[in-house]
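What follows is chain A paired twice: with chain B in the first complex and chain C in the second.
Coming up: the complex of A and B.
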């Protein structure tokens, strides 16, 4: 069963300098209880993609085409009210900065209870009890006592757990997490990621996790989409893609990551140049100006997604694992 | 081993307000042509250590030495020999001035002639073109601004560079470029560096040695590959275990599971080992007696009563 289906999504922002196409004909699918990682350099369109998929991108300032369907319901055509009804119940989001999601004065237990009560069948007393349960589920010690704390009294890792408890309070089917652990210590990050894994396993929640950390995505998602300049460069089962990166940008991105298990100093390899200006992207392969393997064809003709093996697809005229010649 | 160029000896920093010392009894020794990585969780005292070494916060105890001789925090020699780069380069420049002017500033202060040419030369060396040099800090990318910050730090040919999270705000490919540049400065100019990062991969790939801090103290110190692959302090092991490895062949079974505690404990307030509340190997001794930083093998020091060995499994 398909939980999330994105078809041919295009998101453009008209600006005084021209039109920025942040998401350029993206298609993706995700099943119930599955985890999708979205990776790519800064500005590649990861956040715009995630925000648009959950109906957060406003249509006035942005031009949107294509289709987003969550559990059989089309998102893009919904009214403001329709979308609000969806948030928290069907889809929820966890951001990099948990403070932005939490109220500074209201005790965290009351905030979670309020989120629980988005389901009108839940009574007030039940909601308070459920809030404490949720705090236990996300691993907050002494949950009943902690429920009375305010956001600023908690450490960064605790706050992120509370934000996750809030996000799952309405039992959403789909969770979008935009760099949920980037601001946290690695040890805290590890616990949050284990928690995500558990939520998928136990409750069948689907997760779309945006991250710049390939290790996080490699270890904690099932599928990955690599974005470059608004387009899908490569996608597929995460193990297949990272074992055999084929679009040369994926290979270059992997070579640019420093290894924390190095036995000798081995510096990561920089990708030459910088990402394209989205106001005037290169006509052929978006990566061609930076690619060590580019030919004339790459400069003029846009590569389309080609299947390598079971669901592993890449968009490249000269696929391979090497990043440099 | 040669004598260190620059050291912090047994440094203590107290910010006051009734809080425990941010840094207590930390010794950092920097050698010519060597990069020392400093890692540890948020709030453990990495930046405070850096600020103390730059003379930016006073030491409550301990002192700095330059070529073996004590040097005060306001000493001119410290200013000339020790320079710094930080996480957010754009914010460390005057927003109204061009990168060129900012890089030439240290020359002006010292009344050195031929400033424009020398600043352009230094910028060119770190990969900032003349066209770029005329721009203001907010008109260039984060990578370009960090290059300019490095040029400003190196233009007076210091011996020591203190880098506090210099690549943390940069995208991976730009991060890789800056790491290359720092490695070059080490090899070509023989700079001694302190390199603070929360990214263990960055530290393992760039640094010669690594020091691990926990709750205001250095708990382990050794060759970078040893700290990355054969850590001995339980905290270092837990830290390395927590990094999700991109190497999918790496099976990654956590070696140390920290104890779940019922409340946030500030390790700095514990009488014994500061990690004892979380450490799965802690004994009564750990709760009462602080472990000294001992040499376990040549140039590998660990502060632990029960250093981790694979036998612990």
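Coming up: the complex of A and C.
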């Protein structure tokens, strides 16, 4: 059984300057209790992908086609009201900046209790008690006292723990995490990522983690999908992709991860150039203008996803591990 | 913080009142025209005018009169009206409830209209609904209250005959009757402020709706109504609170026209009568009371900020203590 299935998803935003296609024919799958990392630079469409998959992207400003099925239910076909019934209970999201994501005035305990009370059978007092339990689960010390605090009285790491507690309060099966550690100190990042692992292990929550950091995704997910300019560049089990990165953009991202091991101490190699303008993307491979291996074919023909080994696919005319010639 | 806050506010109040009373006293006494002559009118002979001046204490120099007046106030004595010799304090105490009731009723009406309209406009921002409400509000803001008062009188009192055109029915005659007699003037005084409140609150709400925590609330499955009432409203109240404080403060001394049009025995109408009758003692007393009310109301508004958003309370303390906020 699949928990999340995205098929041929296209998300376009009409702007005065033209149509921006933020997500371009993306298909992905995730099983129950699995963790998927979606990696890409800013502007690669990974956040739009996550928000659309959850049904949060509003139909007014966006044009959406394709299909998103969460636990057997097609999200995109539902009305706002129908989606709302799933939000917080079947599927939830942890946002990037925990300070702006938490309500500035309402105490954190009440914010979590509100999410608990999405289940109408839960009484007010029970919800308050459950909120304290959730704060304990996500590792907040003195949870009962902390429940009365407001967001501005907490540290960044604690705020993100609160946001996570709020997201899992309705016992969702699927959790989207949009750059959940980007706004945090490096030392706090690792602990928050461990918390995600724990939630996945203990509660069987499937997690889609959006990140610009391939290193983070590599250590904390089972599958990875690399996005470039709205398209899937490469995807597959983390081990397979890390062992044989094939699309040249993935290879370049791998080369850009700083290594801490003494024997491999090489400087990370930045990727030259910048992502394409989505108003006028290159006709062939989107990465071709920045790729050291690009040929004429790359400039004209779009590469399609090719399977390398069990579930490991890449979209590249000249696959290989080296990022520079 | 509260003790310090109250002391600072009281000091500010005293300073404001000193300046206000001095300016008011000066400007009135430098104006041409003399109370004794105004009271006696055409029939006054130079001798009778001089006699009355002496009786009213107008023959002593201005500075001396100011000091005497100020000294009296410190003992709760606002002086006596030149026109009818009644104590000014009694006049104010008798009339203030009418004005206060009028202002409270009118601003309750204004809020009752503005808050729902602002919320709907903010939720539907950028749509035809928002623009429709905006045009309506613009109309309300561009009609002066006295024009609206004439229209209301003409429609409800003269054409439909539903309503006495003027006259105040005191609370002792029944609350319903009392509120009824204040309804039209309250509507006339509510329209402009309602428009102001709607615009201010809509802007603050629209800003709040753009914040991430509102997206988070939506992703939590919170209903639109609950989002508006429980999530968006409280963080959007600062502008509205400020406007409300200023409007109420201003109205205390400036409901003159409406009170006159509807023959309400409030502070505004006595102010108008006293100015034209050169009854300076009454004018000074009313102005002083209005100024005090203004300062007190705005001090209350400052306290209310802290209740609405506890972060502001903390920020103020931190700033005054000169401490660096902890990141």
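Operating definition for what follows: the second predicted complex is superposed on the first by the 318 of 325 C-alpha atoms of A that agree within 3 Å, B and C clash if a C-alpha of one lies under 4 Å from a C-alpha of the other, contacts with A are read in each partner's own complex, and residues count from 1 in each chain.
The criterion applied here is as follows: a contact is a pair of C-beta atoms (placed from the backbone, for glycine too) under 8 Å apart; a residue touches a chain by one contact, two chains touch by 3 or more.
Note that the structure is predicted; figures quoted are calculated from it, not measured.
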Item to complete: Using the superposition on chain A described above, determine whether A:254 touches chain B (first), chain C (second), both, or neither.
Response: first
Worksheet entry | chain A residues touched - chain C or chain B, whichever exceeds | B
Item to complete: May I ask you to decide whether A:97 touches chain B, chain C, both, or neither, giving the answer as first, second, both or neither?
Response: second
Worksheet item: If you stack the two complexes on chain A, which partner ends up touching A:186: first (chain B), second (chain C), both, or neither?
Response: first
Worksheet item: Between chain B (first) and chain C (second), which, if any, makes contact with A:59: first, second, both or neither?
Response: neither
Item to complete: Mind working out whether A:325 is in touch with chain B, chain C, both or neither, as first, second, both or neither?
Response: neither
Discussion item. Let me test your reading of the model: by the given contact rule, A:218 touches which partner, first (chain B), second (chain C), both or neither?
Written reply: first
Worksheet item: Does chain B (first) or chain C (second) touch A:141, or do both, or does neither?
Response: first
Discussion item. Show me the chain A residues, by the header's touch rule, that chain B contacts in one structure and chain C contacts in the other.
Written reply: none
Item to complete: Can you check the complex and tell me which residues of chain A touch chain C?
Response: 54, 56, 84-89, 92-93, 95, 97, 100-106, 114-115, 118, 150, 152, 163, 166, 170
Practice prompt. Spell out the part of chain A that touches chain B in their complex, as residue ranges.
Written response: 41-42, 141-142, 155-156, 158, 185-187, 189-190, 193, 212-216, 218-220, 239, 242-243, 252-254, 256-271, 274
Discussion item. So in the complex, the part of chain B that touches chain A is made up of which residues?
Written reply: 41-42, 141, 171-177, 179-180, 183, 198-208, 224-225, 228-229, 238-248, 250, 252, 258, 260-264
Worksheet item: Tell me, which parts of chain C touch chain A in their complex?
Response: 211-213, 215-223, 230-231, 234-235, 308-311, 314
